[in-house]
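Both complexes shown next keep chain A, but they swap its partner, so chain B is in the first and chain C is in the second.
Here is the complex of A and B:
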């Protein structure tokens, strides 16, 4: 399974990469904003994407919408500090599959991956 | 800004350090600041706020706190660039978490990071600015909230 990490913080990108304990899940690309992510997306075709929301150039909500247009089967986990319900609902409406609030622990991240990948595998 | 608003940010800071920092931070008694430049501790992450509320949120910390925080997060590279990233991310997470209480009309910018004294960035005098002292692992930082 291929993972793409989108976040404007290099520290958070590396934390997600280090924290991922799912067997067979490999980081194939990272991006610091939505524009970079959409450039790389068709080249690497990730199975799952972690997506920050507040980023320069292009934010996460718009990026989620465009990614889903390019690949309706992609699984997107939004990881954001924006912790209000309306934002989570908007992200889900645009096509995200899950929402994890920052700050997050390794356990919370891996639990979210397992839930989403389990759902994707089981249809 | 009132005490209820202030409590939102104090809870955000407490939550951040408990969750990401491995141990809770001690929060000191908040006070009104007339000159926030005196609170600057080396690295400052600034979040601009627009929408329902207007103003800024600052998280300012010395390099030693940011280095220890990076190492606690498993990041061995404590470069200047990563310290800038870290201070901006703390400001971003505390401000973003405030939307749980303030709602989605509390619009936040991406972080702006300033290193050194904030000679040119001052909190508008018409805003009541609160300083929240934070001590984590014996290192002092400050959260400065200046909102309409």
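Here is the complex of A and C:
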């Protein structure tokens, strides 16, 4: 299983990378904004993507929409602060599959991955 | 449910199949019986014809013989004899071996050989009886003459032979009564066949009736089974419905199903009506239901959020955090224009039927109590933190000093309350009121600061800020006092919570030291002891430390009960003010003092002594830099208290009096301890209120001294104190 991390914060990217402890889930790409993410997306074809919402150049909502257009089977976990629920809901409407609230713990991140991967494997 | 359904239908299908089988059986039996009846009827008819033919043959034989003898035409009786013979003989052969013959009605019929014993025996007897006659009749059958008239025929050989043959045949027929036997045998056969036919008919009818009976029984069994099953399933459905109803009636949550058009399903819990305060919720659009009681923006987000569940892509376990209706404030119209605020919590779950999303199961709870509790908890937590901070503050204060402070502060706030209550109109009156309040608060702040009660200092400082802000406005109205009263209330609450804390600490002490109960009780009964020197020492140390100075305070007559009760408060306030001003403005820093050939440690001496005339003197003296007359002059001109010309003309004594004016401060920064321009005017006011006097003396670089003379206390007042 290939994981792609999209977040403009280096700290968060590192944290996700370090915290991921799902067997067989491997970080194949990281991106600091939507444009970078979409450049890499067709090359690495990730199975699951963690997506920040507020990023320079291209935000998460647009990025989610384009990724789902390119690969309808991609699983996207939105990771964002709770301050703007409406934006997160918009991203989910565009095709993201789950939401994780910042700040998050390792356990919460891995639980979210398990939920999404379990669903992807079953479905 | 589906197993139950298939069981129900299996029984019905089996019963119907049996019904069809029985009915088909009866039908087949009917065909068979009808066919059998037809066959029996043919046989019986044929047997009857044989009986008739046996007689007609004999009769035709006798008629032929008679016609020949009497000279009449023989053709008719002879033909009848021939026809009768052929029919009788063919039928008898068919009875014996089976075959197709001409029936009674002239049609060809196919019959089978007789098979039952009695028929066969009667047939054998008939054949045996018939055989001699059959042979005897052969010549007549072969007879064929051109001569029609018998009178002519009898004359011929042909005729003579015929006569002889006829005679022979009549002899055979009558010998041993053969003709009668033949009649009897054919009659017996006919009777027997009729009997057999009737017997078979009866048997078949019994079978038919039995078949119909079975079919009817089966029909009733089906009917009974069907009705019983229907009753059983109806009862089961009734029980299931009753259970569902009981759940929906009893459950305290609002429960309902929501379709993709946001419509509430036909079944919902009774609690839902209570939660939304309306009936007939089935089919109502949830969004419309919430419109008006939930803010529009929340509603739009909620609609989008719910649509996620119907979208299919979203994992429902990973979106709970985004639920905008998780804890939503709703406003229900109450009596008149009153609104009632409640908190509702909605939870959504997908309902899958055969892996397909059919509805959302929605749970609604009235979480007002929980939400209120949470808020209360937050407030309580904040209060606890504040109390803990306060506890740290008050732990190092002498209880008596603290109690004294609390009493004094409450007195000050009481005073402020009466100032606020006094009716007043006009900007100037308002300003005067604000001044008075400011002085009271400033005194409270000063004392709190002396005790290191930072939380009280902070609140008092806020109030001072607010008053300064209002004072700076060009015009003041009564409404400007409103925020002030709120802040004063907060301060009072805070002081009361300090008192509660102290009470708890006393309890704590009581638990740990029961032997001292009496003593504590005594302390509590006694008027607050005024060992204000401890307080003043603390204050001096704190301010000096803040300003990087070292000061030694020496107090005389301020311990114990030397100060009369009615002067304790004012003297303490004045002492605080003197120390604040003295440490801030008077005492130099250690280096400056060294330069000025003084010891690094500054000295302040305070004394409260009774004078011989009954009056009291409260004096303050420090060995600081003394009053800077030039600075006072400049400041007075800058602040517009006097004009430049006036100041030139003023003597030092008059200039020194300026420091007692309100708003006078030489400090350029505002801190808790100096800079607001309040301070010395507090002293002047206190002295005025007590009808005392204050004198200042100073020497540049050497000292500053204040001497306050307070009048003797009237005897009754002292008694009261």
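By definition in this document, the second predicted complex is superposed on the first by the 119 of 123 C-alpha atoms of A that agree within 3 Å, B and C clash if a C-alpha of one lies under 4 Å from a C-alpha of the other, contacts with A are read in each partner's own complex, and residues count from 1 in each chain.
One rule holds in what follows: a contact is a pair of C-beta atoms (placed from the backbone, for glycine too) under 8 Å apart; a residue touches a chain by one contact, two chains touch by 3 or more.
Model, not experiment: these values are computed from the prediction.
Visitor: So, on chain A, is it clash or fit between chain B and chain C?
Guide: Chain B/chain C on chain A - fit side by side.
Visitor: Draw lines from the C-alpha centre of chain A to the C-alpha centres of chain B and chain C: what angle do they form, to the nearest 10°?
Guide: 80
Visitor: Look at A:101 in the shared chain and tell me whether it touches chain B only, chain C only, both, or neither; answer first, second, both or neither.
Guide: After superposition on chain A, A:101 lies in contact with both partners, chain B and chain C.
Visitor: Name the contact category of A:30: first (chain B only), second (chain C only), both, or neither.
Guide: In the superposition, A:30 touches no partner, neither chain B nor chain C.
Visitor: With both complexes overlaid on chain A, does A:9 touch chain B (first), chain C (second), both or neither?
Guide: In the superposed model, A:9 contacts chain B only, not chain C.
Visitor: Tell me the contact category for A:50 with respect to chain B and chain C: first, second, both or neither.
Guide: neither
Visitor: Give one of first, second, both or neither to describe whether A:18 is in contact with chain B, with chain C, with both, or with none.
Guide: First partner only.
Visitor: What is the contact status of A:86 with respect to chain B (first) and chain C (second): first, second, both, or neither?
Guide: Once the two structures are laid over each other on A, A:86 reaches both partners.
Visitor: Chain B and chain C, closest CA-CA distance after overlay, in Å?
Guide: Nearest C-alpha pair, chain B versus chain C: 8 Å apart.
Visitor: So chain A touches chain B in one structure and chain C in the other; where do those two contact lists coincide?
Guide: Chain A residues touching both partners: 82, 86, 90, 101.
Visitor: Using the touch definition up top, name the residues of chain A that touch chain B in the complex.
Guide: Residue list for chain A touching chain B: 8-12, 14-15, 18, 54-56, 80-84, 86-87, 90, 101-105.
Visitor: For a test of understanding, state which residues of chain A touch chain C in their complex under the given definition.
Guide: Listed in rising order, the residues are 77, 82, 85-86, 88-90, 92-93, 95-101, 112, 115-116, 119.
Visitor: Can you list the chain C residues touching chain A in their complex?
Guide: On the chain C side, the touching residues are 300-301, 304-305, 307-308, 311, 313-315, 317-319, 321-322, 324.
Visitor: Can you check the complex and tell me which residues of chain B touch chain A?
Guide: Per the touch definition, chain B meets chain A at residues 15-16, 19-20, 70, 73-75, 81-82, 85-86, 88-89, 92-97, 99-100, 102-104, 106, 108-110.
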